Amino acid sequence: MLVGVPREIKDNEFRVGLTPSAVRELVAHGHKVIVQAGAGETIDLDDALYRAVGAEIVPDAAAIFGRAELVVKVKEPQPSELGMLREGQVLFTYLHLAPDRAQTEGLIKSGCVAIAYETVTDERGGLPLLAPMSEVAGRMSIQAGAHALEREAGGRGILLGGVPGVPPAKVVVLGGGVVGMNALRMALGLEADVTVLDKSLPRLKELDLAFAPALKTRYATTDAVEESVIAADLVIGAVLTPGGTAPRIVTREMVRAMRRGTV
Amino acid sequence: MLVGVPREIKDNEFRVGLTPSAVRELVAHGHKVIVQAGAGETIDLDDALYRAVGAEIVPDAAAIFGRAELVVKVKEPQPSELGMLREGQVLFTYLHLAPDRAQTEGLIKSGCVAIAYETVTDERGGLPLLAPMSEVAGRMSIQAGAHALEREAGGRGILLGGVPGVPPAKVVVLGGGVVGMNALRMALGLEADVTVLDKSLPRLKELDLAFAPALKTRYATTDAVEESVIAADLVIGAVLTPGGTAPRIVTREMVRAMRRGTV
Amino acid sequence: MLVGVPREIKDNEFRVGLTPSAVRELVAHGHKVIVQAGAGETIDLDDALYRAVGAEIVPDAAAIFGRAELVVKVKEPQPSELGMLREGQVLFTYLHLAPDRAQTEGLIKSGCVAIAYETVTDERGGLPLLAPMSEVAGRMSIQAGAHALEREAGGRGILLGGVPGVPPAKVVVLGGGVVGMNALRMALGLEADVTVLDKSLPRLKELDLAFAPALKTRYATTDAVEESVIAADLVIGAVLTPGGTAPRIVTREMVRAMRRGTV
Amino acid sequence: MLVGVPREIKDNEFRVGLTPSAVRELVAHGHKVIVQAGAGETIDLDDALYRAVGAEIVPDAAAIFGRAELVVKVKEPQPSELGMLREGQVLFTYLHLAPDRAQTEGLIKSGCVAIAYETVTDERGGLPLLAPMSEVAGRMSIQAGAHALEREAGGRGILLGGVPGVPPAKVVVLGGGVVGMNALRMALGLEADVTVLDKSLPRLKELDLAFAPALKTRYATTDAVEESVIAADLVIGAVLTPGGTAPRIVTREMVRAMRRGTV
Amino acid sequence: MLVGVPREIKDNEFRVGLTPSAVRELVAHGHKVIVQAGAGETIDLDDALYRAVGAEIVPDAAAIFGRAELVVKVKEPQPSELGMLREGQVLFTYLHLAPDRAQTEGLIKSGCVAIAYETVTDERGGLPLLAPMSEVAGRMSIQAGAHALEREAGGRGILLGGVPGVPPAKVVVLGGGVVGMNALRMALGLEADVTVLDKSLPRLKELDLAFAPALKTRYATTDAVEESVIAADLVIGAVLTPGGTAPRIVTREMVRAMRRGTV
Amino acid sequence: MLVGVPREIKDNEFRVGLTPSAVRELVAHGHKVIVQAGAGETIDLDDALYRAVGAEIVPDAAAIFGRAELVVKVKEPQPSELGMLREGQVLFTYLHLAPDRAQTEGLIKSGCVAIAYETVTDERGGLPLLAPMSEVAGRMSIQAGAHALEREAGGRGILLGGVPGVPPAKVVVLGGGVVGMNALRMALGLEADVTVLDKSLPRLKELDLAFAPALKTRYATTDAVEESVIAADLVIGAVLTPGGTAPRIVTREMVRAMRRGTV
């Protein structure tokens, strides 16, 4: 199969559809790969690296979309890309169509076969191409939360883990799925006082087995959520909402501001 | 040296001054050991076990006190024993003389050389014969506290470690010395939510290094003690008071009763 | 739906069918809840707490059974309650019908729809309403066993975890299911020397992965059980027997007594 | 003794010399404490809290410096404060005199007895009032370093702990003292691949015992430092330099920039 | 059923089809067991032990094969044994037929029902009689690898875990299945610097959860395998190949020798 | 100072007095270093590596001994080297003079200043140049012991850690010093059932704190040693005997052979 990798053109997107390692795998399995010149350069993946593993470098997106049977990208096609997609061509990328009528219509009109990363399901019903994003998001959320608690970031000047003699901050993680588990793991790693709430007792059992006694688990009744959130220094919202967004990070200061009506 | 081991006669004392293992060590180092018949029988250390390692079994306490150069016991000499002690004879046992004028005078009158286990000091200033007692006391305190929280023992029916979905009980350990560290270790082992308070920051650092993030450490200001104790389900008083007694175990129910004036 | 919560009347039952938190959830989902006056008072759940979350307090059991479409209880209906159950009314509680012909006949006669907590099965074949009982039972069994080993409780005066220089007690857990795993976890927490036996190698693998090297696993042949139990200071019987009872706790002293024929 | 607590006036200093908890301790020990109005308000320690524990609130700094026998502050005296210090009055605060000739001369001229927190030494030669600062600095350094590696902070978009399938970032901690140990602990908590270098083998042994196998220790030869730093994604400089400053946080991007001469 | 256990006759096979414990189980379930004299003697399982649990000792293999309805062995039947197998008799042992035409034809000709341990499948598709072999193989591989790195075994004189100040050896485990997980667990136990590569992200997640931060996981692209192996001091090949053999243990010296063409 | 590094000439000694890293440090501190050609080549430290860090390569030992003010070696001087040592020259190496009269007399006769690595003492009374040897010896002892238990090495075919369902081997470590602690750490790492015996209760406390509940500690009475050793599968003798040798590794088979008088 002829696989093409255009340069991403959406703002603030530095990634690329295939790394040289991935190209090498495809070539080893008998496929041919074409890569747009400069596709990986913002993350130090020079054209030479792609050439070294057998890719052909082509000058522009038009060459990719014109020739490739399969286009591998990161972000949904931008307007200029939609116009280049062809009948029968396969597009493999994140699409997030739900809120994006224009893109949806553009794809339909193009006649291409568009496969969204976020909908690929494995034999156990999992979402293998979304899970790594959730892992990253969960781990980052604590890093971001710790930063948000710093005085100069507008926080109360609280250190998640305290120091000897000063008790740690209370972190509450709402939801014990992939995002939540990765968040609580990092929060425990920073030695915070962590409670996770979830509506699934079997899930709480798994987390309890893996992380007790440092982790506290609590069944997510309305009362429990209310009490926990009000007493928390940092709340990570990690409940899966289909089509949902990144974990929510809320500090006590933000809660107070909300109550005062200043946010 | 001729070492003698009488049978303990104080109420509820089942231990014996030397086990057969200890006798074996002394004999191997060239000492002679005499043991009162039946000295160890309440804890399954039959006379035959003592004979097997080279002890001579003598029929009564009089034979021990009459012949031995060194008498090894567990508890302070009881009145009948005081009368048998002799000038120059060495007595090695727990004495706890402070509150016990009669014993003190009896010992002085006997002319014996009395060495109290609880005052033996090692080269680092430690109390090597007291430390194991403190370890046992600290570990037992949690066992006793867990029992006291059971409904049928008059407690609130709380399980120290909770179960998945139900947060653990709050255990507060006042003092992070030998007793306190052994108590908190067992409390963490039972998966309770444990906070230790101490006035020594270096000690809190050691405990923090050994037990974080499951353990919370807090510097023992009056405020901190007050807040912690009031919020606790179980408080272990493990502050060293010279000549002091066993750790205090207090449950929330007891605190309430005290406040109601019913205790 | 109109949900009713009577006060439990069986001896030594202090629990209540729904806590205020649970009532709040039901009310939030559009149900109406009636609670018998004083239903939660023995465990500090006053009527005011129920009212605050939207329950109606009714004066007696007759009002509950007379009006409720769904009755939520803890224990099986007592004779006086059986008579109040009505055709088509739903009863949700522990039943344990197997050994209780009178109750069974009373339920049939009432015409109610009785759903036993202990038979509710989840999509994985688990028993979600029994599992927390097993967790509590497993965790309590070690607490009870530790207590039974104390001298004043008639034990040998053994501390489960020993102290430095004195090896720990040997604890044998027969069965590695929910009860057994919770028991061994607490036993390891108290630093005992723990062996678990089970007839399922996959289960032993899971336990080995989670708790090695502190935990020893052994396949449960007759030989292995015999050897382990005879060498143990404390045995926890945690084999699931359908309709079975709580874990059995056996100390070495009890085994000896059984052998001497004195028990 | 009459102890006074003025409001801090140095830029960006939000702390206060004594918290209400500390005041309570002093008052309980028979001292009298005066606190400048608003001294703690930026960190939510209102005057009422101080009054509640027995402090007297005075309107301005002049009242504090005019009356107090002991002035407790956080930062070195600012020019306006230097002028208020009196002969024989004790000043207890951070001074950091080495680079600050003006302050030194001002203090000498005032005739006060100035005790610098950073020079208070305990019986073991430690610096008890600096150690908590080092703990905070060490723990914060990883938080800051993790943030610096984020793409939007100008980093390479690396997550310290990686995710399953993506190896973690390499963190190198130079120096295994208080700062270094706290830094490496947080780095391990975030699941980075951490190496610590130090010139003290006994210190490396302690760290190895506490943190192996997750932590790698390396004796700090010039070769070892060079190799480690060049291969690192994040370097924490935690070598104690008397009078030194906070830990240095260096990412690989910064190293590259230095090499390119662009920094 | 009449179960027979012949003595193993293949070179270097010291095991025996049934231990006395296993015989006891069978007898307790109503079966009769005959054991060839001396069947277990090389591993200290004397005939008396078999007799004690109810086995009948018979003098030779002919008696076993002549009488038994079910023959339980360890290794595939050797030529002399093939001739003794009978129509309808059940043979239960390891067979490994794939590369062994002669044995296959012998079994067919005998008319026996041969069940190979290595093909017995459980309800989850696992291979319960192979798994313990894999566990042993995985654990042994690190022991063997550590030995192979010793100077006198021709290695580089590297200690897997290093010592304080000397970083540990790099161990790469290819494949995170049963063999790989047991290998990496032992390698971490010896405090090596361990990376596991696998093509299954869900498997890497499980390993990451169980062993992070000490374990590094890496998705097994060709690039990743290449980089990891080249940088490793010890490589354990633990990829499951159906009908495959034991894990491969490769040290850096062997890799160099291969490159030099001297192996 | 002019420092010289001759090639080691004792049988089976592959090490070298200074690595290139060490030379670099010396040169950076203003010393001059001369290295005999080929001194490090058996462990891949080519002359070029030494030259690169500033060493001068000299052709033979005579040049080293003739010119160097300080000679740094690994092993005690061999007869040919003794003759080259000069009045006032400093020799820094392992000497182990106690059993070696000839070497002692040779050194005296040479007039050199000989400093033995094994006698260098630090400010805490430790032996910093021996400790790493003890660490290596302790860690290697378990590796060697595990190997000795393999069937083909003449052992009983026991795997230290067992596998799920098969309990681990019993390892007894006599002595909890540097050797013992490193041995027990590796034994626990391989998931054996480990007991350490020592005559120092404070040391057992440290080990208990660091390694419980997986490690069992036992005070080393004669009885305790006897019982433990007889029940062990592997015994590591790690008691420090001044001038003593490497840890002793004894398997159960060896004990049996000793008892049978065949060893």
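Order of writing sets the labels: A, B, C, D, E and F. Residues in every chain begin at 1.
The rule is simple: a contact is a pair of C-beta atoms (placed from the backbone, for glycine too) under 8 Å apart; a residue touches a chain by one contact, two chains touch by 3 or more.
None of these values were measured; they are calculated from a predicted model.
**Q** Shared touching chains for chain D and chain F?
**A** B, E
**Q** Hey, what chains does chain C share as contacts with chain D?
**A** A, B, E, F
**Q** When the contact pairs of D-F are compared by residue number, which of B-F, A-D or C-F has over half in common?
**A** Having compared contact pairs by residue number, the answer is B-F.
**Q** Among the chains, which one keeps its Cα centre farthest from the Cα centre of chain B?
**A** Here the answer is chain A, farthest from chain B.
**Q** Whole-Å distance, chain A centre to chain C centre, using C-alpha means?
**A** Inter-chain centre distance comes to 41 Å.
**Q** What is the distance in Å between the mean C-alpha positions of chain B and chain E?
**A** 51
**Q** Could you please state the distance in Å, as a whole number, between where the Cα atoms of chain A are centred and where those of chain B are centred?
**A** 56
**Q** Could you state the distance in Å from the CA-based centre of chain E to that of chain F?
**A** The computed centroid separation for chain E versus chain F comes out at 35 Å.
**Q** Going by the contact rule already set, what residues in chain A reach two or more other chains?
**A** In chain A, 132, 161, 163-166, 188-189, 191, 201, 205, 213 touch at least two other chains.
**Q** Let me know each pair of chains that touch one another.
**A** A-B, A-C, A-D, A-E, B-C, B-D, B-F, C-E, C-F, D-E, D-F, E-F
**Q** What residues on chain E touch chain C, complex-wise?
**A** 20-22, 24-25, 28, 122, 124, 126, 128, 131-132, 189, 210
**Q** Can you list the residues on chain E that touch chain A in the complex?
**A** 201-202, 205, 209, 213, 221-224
**Q** Please give the residue numbers of chain C that touch chain B in the complex, ascending.
**A** Going by the criterion above, the answer is residues 14, 43, 132, 135-136, 139-140, 143, 146-147, 150-151, 156-157, 159-161, 163-166, 182, 185-186, 188-191.
**Q** Taking the complex as given, what residues does chain C use to touch chain F?
**A** My answer: residues 161-168, 188-189, 191-193, 195, 201, 204-205, 207-208, 212-214, 216-219.
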